[in-house]
Every structure is written in structure tokens, then in C-alpha cells.
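Next up: some structures, all given as C-alpha cells.
Next come two complexes built around subunit A: one with subunit B, the other with subunit C.
Up next is the complex of A and B:
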């Protein structure tokens, strides 16, 4: 009898150990998401009239939301740019080029800078009469002078530039750390066989880094969808003419400025679903790569 | 009502207030509650047996049970130091004076900061617990949301017509025939010009342009002299709102026209609502602005004028002391935004006062109102200016106290001209995603005036179709008297 009870306890022990973690997940993630769903189908706070999917229908009819989600998709351009640049820089650093330690530090500095401080600096640099244009003027490259943040056709591209500048260091260090653990004999053998630098990159570096690249790509996709608010708020405030508005900024505006938490909640739900779809896609891609 | 019942109510409110104030000290409350209950029971027994003092109710109709004898703590959430430095000292002095005259009333003055002044009040309103008096920004929709959600009570219920007759900026605080917040200190939009640069360009420094044609002509002359005509920074939207406030009102038939367009009775594409975009477009096409207008933010744009690099600036009065300090008072002149049309409201001016409101959950509304009304006593109004150099929103203010001739001129304008500030008269969403981006698009020359007007109307239509809360109240607000 006693043995039977012990067996039962042992059988469920794992689940019991999981309980604190599950409770944590429930309170920290599940409850807010349930509340978010509750808000997204109402007109006002919880307890007020239920509108069903009206808020979602309104959201998808709103051209500003379409602009926001389009801009988020455009921001995905940072994924290939940052992966390629990180690969190139990490390879150079791996090759121990002269002064590599200084370069490594310089590349990593933007990562530790606060987005707010960096945004203010860049909003000055990118002004029509800012440092960048003045430098171009001195270099007699007047044809390149642009109103980087003030021109609605260039503003989002300028934001991409700033994000790349800020995030590059992390990718480079991440890739470099993995490269350090790659067997050097692989490279030596390939060089003896006459492989070029490009071939080394394609046939050794990338396959060896593939899981780190995949991790970094996921991180960048999440960044493009959920962590660009600071950049937009400080650099462009969503302008000019709403051309740089993104999902987070849309949620912030509707929730905290227009006092429309219900619309903001419905947009947050849409972004949550987009995030889930992306994660599933990523899982499928990884599965195929592994197989 | 029997004396016993009165005392019981009194005890209830004391206890309720006690719990509201001490929520964060739960542990201490638990200990103290026991003793408090003992004291309350003892008080109740004594009150039942003894011949109680007569309790004077300030307002018999109200359900409040405040009395002149009752110990009262009024909690005031205030803000204003960044705009009117010295507000805190002035407020404390007034509170101390009030306590001296009414020893049973003490104050808890809690300064808010710019980031939390709105959100903290919204949180308090949701819990129906918090200050007795709260700072509320300007008027219009910024106040109406709290009116419609039942967060504040009208100050006009506690003031006489005579008292209210001297208040400045009551229009933006009025709904359903009542004034909901008490005007505090003043703010206004001002256009200023650099007399020195006018002279250099060959323009009359004493007669700035007053019509749109004159302005466009002045822009041409100033540009020929290598001087940027007007300083602006459009990158962060806000300057666009200021232009709407100054240009947009010029063609409106009356003060409620913007609300009517908001609810859909008029369209933002109608001529009277869209004409300002044409005027702005003309100004942009005539190169009336600094070259880097689209890449500067609001304050960077103003600094262009402050550095003496542009001849005119449409800003607010907070920048006037900066302009005077940098350019010298003799070189700064005040002007009105040149007009492109004549309408019943074209003589109006965009000025507003910040406000102080009485919360609906305060058990001491009468006392709170009495305190607020004392702030408008002439000596207090004058004292506010002496301390802060910012005029109080009362026409009794002694303008001889103003040392700066420009500030004196500004206050005279405020006293004489009707008030109309479009910013609070439409939904914030329409303002920020319609009006301001539309003006940005004009500066970018990416939309024609008609397309920009369509953008605003599209946003407004979108807002109307999105089940906005309190839409019925918007209709009542837009059509007073109907």
C-alpha cells in the first residue's frame, strides 16, 4: 500500500515540480493575454459592451494599420543586411587582422548605448544641416546630400540604417564567438585544397554557423516586429506624414494617446498572432535544415 | 436626519478617507484599524449620549457631510513648475493661508511630473480614489473625457456668476452649460518677428504683414536678402498643429464648426475646413520657411528664430522670454498670423489656461471648491505673477505688474479677443493622424491641399466608424442648446 502511494507520488512528482513554473507562466503571460483578448472585443474597459470582432474589422480597414504592418514587413530587410554584415565582420575579426581587438570594441560599443541617447544623436546627425550632410559637402559629394529623416521617401530607410548600426555589434560578436570554437583544421585543409575566401565562407563558415545564424535571424525578426518603437519615437515620431509608423507605435498611440485601449488591444492580438505564425514557420524551416 | 445618523455618516467618511490615503501602508493599517474601530465605537457612544455641537452643512442638497468643524485633509495633485516656475511655492502659500483661516482644513500638495500627470489621474479615476483636486491640461477634449467618464464635477456649481465673470478661457472647459475645471494660469500661441532682420531686408519693422498677400510678399523680400522668412521644425508633427490653430480657425463660421466636422455634420473637406491648407501650401511654395524645416523638430525650429537666423516665428508664449533674452526686447515684435479670409472667428486668438478640477469621488467637494475660488482673489492672482512671471487666468490681474512690454501686449490681446483653440475641439486621433500629418504632407509637397483635406476627412470618418466611446457626448458638445 505504502509502496503503491510512493509510486503514485513519484509518477506525478515531475508535474508537481512543474507547478510553480506553470503558475508563473499563467500569471505573467496567460492572464494578461486573456485580459488583452477581453479588451479587444469590447468598446470600453472590461465589463462594457461586447462588440465581437468590430475592433478587428476596424483595425484591418484602417489604412494606418496597413501602413504600420507594411512598414514592419519592410523593416525585415534588416535581417539579411545584418546577417551578411555580421558574417563579413566576424570573419575579418576571426582572421585576426591588424588591430582586430580595437575594431571588435568599436563595433560592439553601439550595442551598449541606450536607444534614446543614440536616437537623439542620430536625429542631429541626419538633419539636413547635420553632420552627415556637412561631411558629404566637405567631400564634394553634394549629389548624396539628402533630408534623411525629413523626406518621407527616405525616413524609413534612415531608420533601418540606424538599427543596423546599433545591432551590428551583437551579431558580429555572436558569430565570432561561434567561429572561435570551429576546428581550425577545417580551414587549413580547405586552403591546402585551394579554396578561395568566398568558398571558405560558403562551405565552412556558414554551415558551421548555421544554428547561430538561425538564432540571430529569429532575434532580428522579433526586433523588426516588436522592438523598433524607441527608434521610431525618437527619430521620426511616426512621420513624415505617417510614413514610418509601425505596429508598436500604432498600439502606443491608440492605447496611451487616443485612449482607445480596445483598438490597441486588437492590434496587439494581431501582432501576437503574426509572431506565433513566424515562430511556427521558423520551426518548420529549422526542421527541414536539420533533416 | 438625526444627529446620531449624521455622526455615523461622519464617521463613515472619516474612515473611508483614512483607508483611501493609507492604502500603501496596509500593514500599519491592520494594526491601527483595531484601535480606530475602538475609538470610533467610543466616539459613537459618546456622540449618542452627549449633546453634540451643531453641524453646519455648506450645501444641504449635496450628500456630502463635510462641516466647518470636521478635520479635513485636501489632497491636491498639481503640476505647473516647468511652465510657471514658482507655482509650487505659490500654491503652498495659498494652502497655508487657507489653513490659517480654516484650521480644520489641511493640505497634502502632491506635485506630479509631466509623464504621469495624466496617467496617474486616469488610474485614480479608474479606482475612484485619489486627489480631491487635480490638475487637468487646458480644456476641450482633454477635460471632456473626464467629464463624460464622471471623474470630475463642475466648478460652476459652486461659483457665482460674478466670480466666474472674470475667469479667462471658460469656453474650452464648458460642457452642457457648465464649467468643469477652474482656469489656472495662462498659455497662448504667439507669432513674433525680428525687427532687426525686417530692417535689414527693407521691411517696415513696426508694421509686420497682416494679410496673406503681405506675408507672401515679405517672404519674397526676405529670401532675396538671404534671410529665412519663418522658422519652423516639422519633423515631429507638433508645429503642424500650431499652424492649424492659427490658420485653420480663420475660415471657420463659428467656434463649434470643428466639433460638427468631428461628428460628421460637416466635412473636413468643406471649404471652410480646408482653406487653411491652401494658405499653408502658398506659404510653402513661396519659400516662407527655413530650408531645413522638414528635418528639424519643434524646438530646434524655434531655436532658428532664437539664433536670429529667421525673421518670423509662430510659437507659444513660453518661447517669448527666450527670444527676448537672445535678441533683445527692442528687436522682438509681436504680430498676428496674417489672415487670408474674414470670418466671425478670425479675430479670435488661441490662448488657454491650464485647469484645476474637483474629483467626483472627493468627500469634500464644497471645501475644495471654496479653496479653488480663493485662488482667484485679486491679491492671489497678482501674487502668482509676481512669483512665476506667468499671468493667472483672471481679468482682474493687474497688468501694471508686467515689466515686459511684449508680455503686456500679449495679455491685452488675451483680455480683448475671443478664445478659440482648435486643438482640443476634435478627437486627439483626428488631430494626430489627420491634421498634423496633413500639414507635414503640405510641407513635403507630397499632397495637394485637397488631398491633405481628404486625408483628414478619411481619418475622421475612420474615427467615427470605430465605435468611439462617448460619441453621444461629442454630439451634445458639438450642438449646445439642442
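Up next is the complex of A and C:
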């Protein structure tokens, strides 16, 4: 740090400052992960002592688990939707479209509001007699009227809609912050050459934002696998007929409603592995941004 | 020229549509909360006929939601405070000291923010049962503090690294102790980053439901958002009352957002990328 005489003392002091944080990380992350691994390989699906990977075989044969992980994968559709919409809106804001400051403030509001609170609102709006269907009726689009959350084929799609509503402002502002530091002359030169808005997007905006787009994509993949519990609990409660169950909801329901800790912890382990893959993915992207 | 004007109008139409979609659910909360259940039957989406506070009176009568609000304030307040304190110490060590495995530690700690809390809740629940901490503030505060550490450490370490070494060298020559450097120099200079991290973390705890549902199960100990999620089933017939509850939950967020907009935007976007 400063000079050699101080250095050895400083190193020890450094450890003292690390200590509370490390203790906390151990208690909240490390020990639970070790316990989880222990639990899932020691206990059998019906409670007997079964060693090895029988639990995982049981888990992967469970159609409900397959449904949950498939739904998490299906939710990845938010990645392209949100990237494209965020690119469009951030470009509009970047161009200083009239009223851009107000738009910028409003677009970010859904980001800060609780899913639990707004989910209740959306479950009213998306009801059979809710605002969405009433609006469609007024617009004479009666053929589009649906039971958005009650229809087995549509419920997950409706959840995607609510996620997009909530997350759009984040991506837009993220991209906008990066766009502000792009050299304006790039755009001006291209415009003089007669490039269209779409060409500007393909040849300048996307290449300039590519790292941040990758970063956002990883963030959305993480959301789709690790942070959708609130949406599911409030909007559909996993239904109708388990059509919208996801990993986190599976763990909650089996662990804390049905008290089947063994089944829940085997599923939690699978999501731990998914988490580790995502950590590595995120690390690669962050490393590239840094360099 | 005509083409440009046309595209400008198109863009405005798209933007206004976006704004309407973003605001309609919020509009719905703030008009419905004033209505009586009877009025709601024939006036679902319009403005309320009168600004009656009847629903809020009813909410307060039960007292539960008021208790939940207090619980949320206490738990979010303490978790954020402790998390910032612990993370700032860790960030200070990582940013300013040399020790083996330093960058690996930083990567490992900050990577944890990707992990779903659902992975951790079963073993944590077992530990908290053993410690007798279920249905106490302690369990929630301990877990929230831990879960926020990765992001807080990330934000604060990056900021600490940007503070010039010269300042610290000068302080050392003046005979400052390490603690004085941490407390008198690093913390005051890092206030913008600390406010940003605190607000982002507060938002997370305030809005969180999974941990709240699992570790605070008694009606008295519940926090606001998990309480609200149960509200939905309880008062399905009285939508205006439910919306008054939703309003109570989101109004603090609104107020804080309007006061500290730039910190939120920074904490949630730029900070996450650096």
C-alpha cells in the first residue's frame, strides 16, 4: 500500500476488515450450500437413507420438475423482447425526442415498484372482465378477448407480458447511459451518407452497445431462472393446473407448503448448478467489459 | 422533409403508448382506492365519485397492515444499515490492501448476486429453526444483510478504488490510523456511492417476498409485501380495500424515488455494469 515498513501491518489489518463480511457470506451462502449438497445426496425421496444420485434420478423423472425447468427456459423469451424494445426506446430518448425527460422518468417507475403490489393490480387487469378485455371490446377486437391468466396456454405468456412491463425501463435507461458516451460524430457522418434510422441501429448503435447488450442479456437470463418467484406467486400461483410452475416456486411449494424438504432440496441443487453456470457466464462478460 | 415529420409523429405515438401502458396499472391503484365496493361494481375504471378515505380507515382498524408497515421499516432499515457497514469494511480491505487471493475473493463474493435465494432457503430455514429465530426480526435481518452483501460490496469496492491514493498517503503521513482512514476519509468521500447502494438495497428488501413469507410466518411479524400477497386471497371480494393496501405499500417507494431518482437510476444501472 504505502511503504514496506507499513505493509506487513496493513495486511493483517486488512483481514480484520474482511472478517465480518466473510462471516456473513459463510453463514448465508457457503454453509447453506454445503448443507444443501449434503441433504440432497444423503436422504432418499421418501425419507430413507439412500446414498448417491438416486435423488437426482427421481427429480429428473418428476414431470412437475421437468415442467418447472421448461418454464424457466421458456421465460428466456424475455431476453430478445426486452433487448429489442430497450434498443428502440433508448434510441428515441437519445435522439432527444420531445418530452424525453418526462418519458425517461415515467419509463423507470415500473422498475422500482414491488412485483407483489403490481402483480395484484395486473391480476385484476388481466381478468376475464378486466381492463384489458374491456379495452379490446371497446376497440371492437372481441375475438382477442381471453382469460389471460386462467387459460392454460396463455398464462405463461401473460406473465412474460408483466415481466416486460416491469423490466423495460431498466434496459432502456441502461442502454441510454451507454449511448450518451458514444461519439456523436459517428451518427452525424452516417446521416450525411444518407443512412436510415434502421441502418444506424444495425451499423452503429448495436456494435457500440454490444458489451452492454451482452451484459443485459446475462442479467435477463439470471432473472428468468432465479428471480421470477414473485410474478408467479402473485399472478398465477403456479397455475392453472401447474402450467406456470418455475424452479423457485417448486422449492417454495414443496419445501414450505407440503413440507417435502427432500424433494425441494434436490430441485434447489439443480438450480444451484444453473446458478453456477450463470456466474461463470456473467464473469466472462464482466471481464470483457473491464478490458 | 415530410418523411422526417411523419417519423417524428410515429415516434411520439409509440412513446405515448408506452407511457400509457406504464401508467395504467398505477392509475388503477390510485382511483380504485377511493371507491366503495358498491361504486366499484358500476365504476371500475373511471375516476372515483368522491375522495373517500373509508378504505384506509378500514385498513387501520384491523391494525395488521400498520404493524406490517412498521415491521418492513424496521427490517429494511437495519438490514440496509448493517449491510452497508459490513460491505464498506470488506470493500475497504479489497480496494486498499494486498493479500493473496484478493481478486478471486472479489469475483467470488460479487458473483453470488446471481444466485436465487430459493436455493438457500431450505438449509437457512433449518438453521434458523435450530437457533430459534423463526418469526423474529433477527432471522430476516441476518438473511437480507447477507443477500445484499454481494451487490453492496461490488458498488462500494469499485467506488473505493476510484479514490486517489494520494489522499490516503497524506493521511498516513499525518499519523492517521487505519480506522481513521476508513472512518474519516473513505466513508465521507464515498457518500454518493453509499447512498446509491443503500437505496438500491432498501428497494430490494422492501419489495422482497420469498424470504419474508418463509421466515416471518406469524401475522404479527409479517412484512408488508408478503402480507399483501396474502391479502389478495383474503379480500378477493373487496378490490378497493386491496388497492388501498397496494397504495400503502408503493407510496413510500414513490416518495423515495422522486427524492432520489438519480441515485436509483445509478445504483440499478451504471453500478451494475462497472
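Rule of thumb we're sticking to: the second predicted complex is superposed on the first by the 240 of 291 C-alpha atoms of A that agree within 3 Å, B and C clash if a C-alpha of one lies under 4 Å from a C-alpha of the other, contacts with A are read in each partner's own complex, and residues count from 1 in each chain.
One rule holds in what follows: a contact is a pair of C-beta atoms (placed from the backbone, for glycine too) under 8 Å apart; a residue touches a chain by one contact, two chains touch by 3 or more.
For clarity, every value in this text was computed on a predicted model and none was experimentally measured.
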- Check whether A:123 is in contact with subunit B, with subunit C, with both or with neither, and answer first, second, both or neither. both
- Message: Which partner chains sit in contact with A:147 here, subunit B, subunit C, both or neither? Use first/second/both/neither.
- Response: first
- After superposition on the shared chain, which partner residues are touched by A:17: those of subunit B (first), subunit C (second), both, or neither? second
- Message: For A:134 in the superposed arrangement: first (subunit B), second (subunit C), both or neither?
- Response: second
- Thinking of the overlay built on chain A, is A:39 touched by subunit B (first), by subunit C (second), by both, or by neither? second
- Partner contacting more residues of subunit A (subunit B vs subunit C): C
- Of the two partner chains, subunit B (first) and subunit C (second), which one does A:111 touch, if any: first, second, both, or neither? second
- Regarding the shared-chain residue A:272, is it in contact with subunit B (first), subunit C (second), both, or neither? second
- Message: Quick check on the superposed pair: does A:62 touch subunit B, subunit C, both, or neither? Answer first, second, both or neither.
- Response: first
- Note on the structure: So the subunit A residues that subunit B and subunit C both touch are 123, 256
- Where on subunit B does subunit A make contact in their complex? 119, 126, 145, 234-237, 291-297, 300, 427-429, 432-433, 437-438, 440-441, 443-444, 446-447, 458-459, 462, 465-469
- Message: Residue numbers of subunit A touching subunit C in their complex, please.
- Response: 1-2, 6-7, 10-11, 13-15, 17-18, 20-22, 24-25, 27-29, 31-33, 35-36, 39, 88-89, 92, 95, 97-99, 103, 105-125, 131, 134, 165, 168-170, 173-174, 177, 197, 212, 215, 219, 222, 225-227, 229-230, 233-234, 247-248, 251-252, 255-256, 261, 264-265, 268-269, 271-272, 275, 278-279, 282-283, 289
- Would you mind writing out the residues of subunit C in touch with subunit A in their complex? 7-8, 11-12, 14-15, 18-19, 21-26, 28-29, 44-45, 85-87, 89-90, 92-94, 96-99, 105, 107, 109, 111-112, 114-116, 118-127, 142-143, 145-147, 149, 153, 168-169, 172, 178, 182, 203, 206-207, 209-210, 213-214, 225-226, 228-229, 231-232, 239, 242-243, 246, 249-250, 253, 257, 261, 264-265, 268-270, 272-273
- How about subunit A: which of its residues touch subunit B in the complex? 43-45, 51, 54-55, 58, 61-64, 123, 126-130, 147-152, 236-242, 253-254, 256-260, 263
